[in-house]
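Please go over the structures that come below.
Across the two complexes that follow, chain A remains constant while its partner is chain B and subsequently chain C.
Let's look at the complex of A and B:
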């Protein structure tokens, strides 16, 4: 069932509020991992393989070990004494071959950048000097540089005991796809290629490991989105009890999924610390980040869509190829799997046959990046529906609208895995198209075209699966972890509030939105609320981490639940103090009063005093002292938010360059806690997507070498490349989430790639160009334009 | 991304710089603005054992006019040059080209001479010097010599500077009033090194015939190139679409680009054709 939001009286929730984090962060008073120095700390560096595939025949570290200032040099053989293989928590494909690797290679390297040895030294300079003194002999093995090579019948194999390079394969059927395609009036299909990139946070990854063998404890500072997961995985790899490990997370300079994953560096730092009996800081530098942080997006989707002549979609089928690396990363083939599960998007498609093939190559391990497969799902359904509209001669807007589930059809099972909770898709589409008209884009396009300019308007409709997810469902589909979130909320003896959460704040404003929810939930001023995150010893356990658009939906729901119960207790104590019935009381601005008689009131400070210090005569006999509630929230379903994005572009037909002129998005993520921050999330995500759509690419050569290992060649979009943004919200609350929130952290990244293609196609509609490759660089687009022009001439 | 160990020396003037260069030989590198050298050292691609810092020198600064020429000290910061009114009037190409050189923060620190001596074939200032037929003043142990811009650049990151010579200044001829200029640059993002850049200056006589044409391109050969053939096509004639197309084709034929991650050689050559035509048209329009 889909309902519309009932207006609720809230003081903070739903209102734009500057981030409470801002004064500290914007004045340079944040504490990031590199700002932390612990006593006796030394620094590490990792020697990374310069070749993509080779057997290591000799490593000689003696010269490095002799360099003054060097404390220890370790190789893979030293590491395996204390560490098992790197963990893979997602095993989504039944019978999948899971290729695991140790944090440092032991005998074979399978990607450029794989760790081979590591140094701990007095500082990073000396550590890097020492790396140059390590001698390694590599016996080259044939390189599988890309997907097509990996799939070739005579391909060299990454793993000798495998029959081929395929880690696993599975198909999701629904209905009868073959029959649907046989009876279809129109079939459109294409091969879509999204090249590799990564969730580039401006702060690189880093950690400080302090393995105190005398205390038997591993104390780690780690720039991570998932401190509880990291603690569990450290315990698993190092065979340590979880209670002997503490993970603390300082301020994060961005995470974008990349910092969800668990990296070899954490283990290497721990082993170096154990070896040197000193804390070891190990920071990833920008150059190595291109080979040592999770590679993402790298996939090919060969898909086709079947329709009736009236525009009804009757079938979707195809194969998605995940370009995995030389070993599986933390999330295995999770994101490619999600790209398949979500590839029907917002459309009702009764017959589906969706295949995933996970393929190993000599590239760095595949991992998490904001959007987690869904940007490519979006490319599949949004590109195909536009190709279909073209072929049918129908409006691309109308074709989308007629294939949406109606609000009454929710909860709607999409066919492969996800059940969408609620939605008013057609309303959202109309919101976007009317905004396009209001902004005069159609006029700009017409006038531009009359002046000889190639102006295009792109549209994209996206769905975003958030609130990952019901724990048992996640376990069932192959996650060796859970999906609940736990929150602890406490009012202290002075009536002030502390919320402890296992979520990570990486710049998205979690502390602000949590403070808004807690302040409203308890009826206290937002200034009275402190949010604490980032310490496994004091903060609660979160089942997954900050990812999967979970922070507002699950952590937020837990705050709503916990603060509701705590508020009841506050009112019961207030009733004792005011000699009133709790049902007659309300709490507002930190004062408990009898409804309609504001002069009879007590403050939260009075309540706190009664619950912690002066219990006698103040705390009801039936109440336990202290004011604290814990809520563990495990959702009954995920949430599905959605939106319609429109983009105005200009294409230079002579150079292939694309300029982004303007962008708007109509969006529905249920109840919005903070519109200012919501818009920031949407804009940031879209900017990243435009990076993937036009700029960012790991370019590899035939030897598996990466040719884009600096910001000179890996092109993040900058402010001058990004258009203005305009956001329009509608609110359809998630019926199963207390508070009604749905995820929105990944919306922009999901929506923003395909819409670039849609806009380019529209700008070149007279030529019939169809963009299927990302990023669409100027040379690639010029090639498409010329091919279309010469096809037009011959036709 | 930390440099290997190096020795640091600070020079007081150009003479001491030359002495230090002579003393340390090929192991020494000059540190001016550091916008290219420092990243290269952090990548350990440049490994000088001695760094000679010339930021304390005073005798290589200044921007002045001299006998129909603009003389620019090697240590003039790019941002100062970009905003210098004398320079902007004498050589309007300068501010237009510098707007493409990195970002403001780079130009605050980066120097005029540093960009020339670094000799990146895709950088704007070398292409501008070549377009304008500028002359570079080079100081060595036995005094100074003058090098025409087209002879200064030899190969990527390589100039005629001997190990113990330093670039102290450059001279650019002042353009006659009424000269139209244009910079056309194709880069993936604003501030990136050019895939192709084209500098153009055009002056027409009273009969509408071109009596001054200057064209150069960056990013399309191992050095920035003066497009002499294209200039010849246009010189002395009226500039119409036919002659502009012919000049653009001549320019494309004269370029010898290579493939890199941002574009193939053939794409770059095609872009020379496109950008040369655009640059000539805008130079005419900008008169």
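Let's look at the complex of A and C:
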């Protein structure tokens, strides 16, 4: 375990500090990717396949190339001259067949939206005009439009030389699942289906590539959550040395995992730039985003749980099917794999047999979305435990509580992969149930029911694996990247502080929380701290990127460590100036003083002056000039935060519409740096999950065409769809993370889907409805209601 | 392109007059962003649903992605850049900061413009009215609750300011 330098004071940490990012963003002074113009810049656009599976027999770009204002038109064959295949960094399944593709298709297209050609022109309007002049002939191939079709014995194959459409399969065993199921008193099971959706940041993706062969540099502005990873992958695909590549990130208009992944567009823009000798901006428009940004969530989980009659869970087994696309995306089968590893959730289950099957279909590549598999894991354990409670006639609250590990049982190994660091799960559950009472939901439900309304209360308990993760462990399980974080903290010649981090700021308030930690760690006013992120040339290397609830935990821990060491140096210099012993000194509000004798003091400006400019007689002989510390923090284990969510809903039995009335969550993410921002993360995540639980879906037809390629058809929740939120915190610090943070960026998305189902079931408890499919749209729910009603009539 | 037909558009944005030549197909959003250099107005969908591009066109909220620049010729426009009072955030902006009504800030311009119109028309809205009023602007980050709180609190602060001004008279 890394030594812990606890902040001496918490003037800022734990307080609802207003964000330092806000004045800029509130006045329209943010700088997002489309706000950036670099000299001589032109704009690109991508021609995307209109069919899901076909061989390209002819491409004629001549008319497009002749259009005035067009600088270059490229096809897959032009691209391969400079670029290798798109990278896949997660290879989680041993001996998995990894289907890679180039950034533009070379001979076969395998999904609607796959890039076929690209144009660079004087502006986007002309570039899109040119796309219409490109002629492509497609020879149709049989389409594998969905999972069931892909698995059928006579299914057409996406890859001719494969035996079937299965990319890979693996099983995680623990104990003896067969024996547990044989001796179980009660077994409950279901097939759970979460359809496809995506992160859908309101800002789409984009980049500006400037590949100048004469300067020998590729300079890229990229809206990414992982600039260091992007730089390494650009180097890999384009066979360039990393030092010749610079990646800068502007303000991100949301990330949500979608902007973690490394897209073909980055490579296309780079090659267009090299071809035209101009910087090229390439932005995804909204319509494209439905086929060109990472598709996510799309999975089926056939799972069952075995219990004893007293409610003890003794077994969990099943198969999870990942609906991969026509080629693997950056993270391969990573999220589906996480959905399997986490599907026991907060419960002690001694016997497990968990299988993952990754299946190719003619859909767009599968990728990252906040929650990264864990929302579906949560559906498995939270739905099954409620089904079991029904079957056993037990309270769903009691059944959960009796299967938690107790606080003394931590660190607790969950069976497949993760060791949960610490927790008070039962306390958190009680916090939620008492809040439900306090808020009068039980009364509202009773009165509503008496008035003939279908009011339901849903519960869900979630675990969230964060601080992702110990580098060597990640490597061992198949990640071709690391998980540490590096921070550089500097006090300048005027005593002000700059923190440089490789993390990306995408709206979560990282600059504010980092400033809080650094200000407390050094004992300076928060106004004296500047945070710098978003430039691979000046900011440190971070493993992975901003995802996996890493920013507060790992970056935060590195700041705690580095500021602790820097503070010691400041005190040693202060001791020289004050002719005192460093051990007798303290720093507060930017002044170093002898403890208990505030009149003998120097400012951090005096310290800075002594370390950078007037060293003689002021800087101790034993000290090197400057004030700077670097910390690299590679965690010994991940963290596990957790929470209990409750949701009050009303179901309209006539229409199948669900109204979300109120929502609360009791939560434990260890030490909370900024409660205001923490609640914002939880609320935003829950709203996304409610979207996935009720509204958002990529709908495909049998030809693999997507029918939901606009906001008219892909329904993001609006302010009238989302309920108010109330949050209750308890703090069980992570014992192995300096600062004690556990992370909470994904909590809402993990918790929010299953709880919708729980609430709907409760509202319709008289009918015995059991929701297993998401999003639970009004037509789907109406079908469940009608089926239950007619079953009730026939019975 | 020289052979393309262009039109001249003149608009007054945040009190400043801008004149520019553009193709008739150029949207008001692109005119504001590219010709006027006002990139605070954002584009989230370009098909009239997300509301990020909302501006006040002659004091009425309009989606600048669905409006052609030529249609706005001669109009008075307020964008997010025109809200601050000198070097101070206005009441609504302050309230968004205080109540964490924004995360990434991308929808925020549209939210602020929409809420500006809402509070002008209804200085004393209920929570439901605020939710309905901002439901035409999509936010992916916040879950809306903090935005609703920001707008409600701003309404209260504006009322306080008005009554203070009244009693000082």
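Here is the rule we use: the second predicted complex is superposed on the first by the 786 of 795 C-alpha atoms of A that agree within 3 Å, B and C clash if a C-alpha of one lies under 4 Å from a C-alpha of the other, contacts with A are read in each partner's own complex, and residues count from 1 in each chain.
Heads up, the rule we're going with is that contacts are C-beta pairs under 8 Å (C-beta built on N, C-alpha and C of every residue); 3 or more make two chains touch, one makes a residue touch a chain.
Keep in mind that what you see is a predicted model, and the values were worked out from it rather than measured.
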item: Partner chain in contact with A:539 - chain B first, chain C second, else both or neither; value: neither
item: Touched partner set for A:253, first chain B, second chain C, both or neither; value: second
item: Which of chain B and chain C A:200 touches, first, second, both or neither; value: second
item: Touching partner for A:782 - first (chain B), second (chain C), both, neither; value: first
item: Partner chain in contact with A:708 - chain B first, chain C second, else both or neither; value: first
item: Partner chain(s) touched by A:724 [first = chain B, second = chain C, both, neither]; value: second
item: Which superposed partner A:286 touches (first chain B, second chain C, both, neither); value: both
item: Chain C versus chain B, contacts on chain A by residue; value: C
item: First, second, both or neither for A:125, with chain B first and chain C second; value: both
item: Touched partner set for A:655, first chain B, second chain C, both or neither; value: first
item: Set of chain A residues, in rising order, touched by both chain B and chain C; value: 125, 285-287, 710, 712, 718, 720
item: Chain C to chain A touching residues, read off their complex; value: 1, 3, 23, 25-26, 33, 38-47, 49-50, 52, 79-81, 83-84, 89, 93, 96-98, 100, 102-109, 112, 127, 130-132, 134-148
item: Chain A - residues contacting chain C, complex; value: 18-19, 21-32, 34-35, 68-69, 122, 125-126, 200-204, 251-256, 285-287, 506-509, 676-677, 679-680, 683-688, 710-712, 716, 718-720, 722-725, 748
item: Residue ranges of chain A touching chain B (in the complex, touch as defined); value: 124-125, 128-129, 132, 285-287, 654-655, 657, 695, 699, 707-708, 710, 712-713, 715, 717-718, 720-721, 777-779, 782
item: Chain B - residues contacting chain A, complex; value: 1-5, 43-44, 186, 188-193, 195, 261-264, 267, 270-271, 274
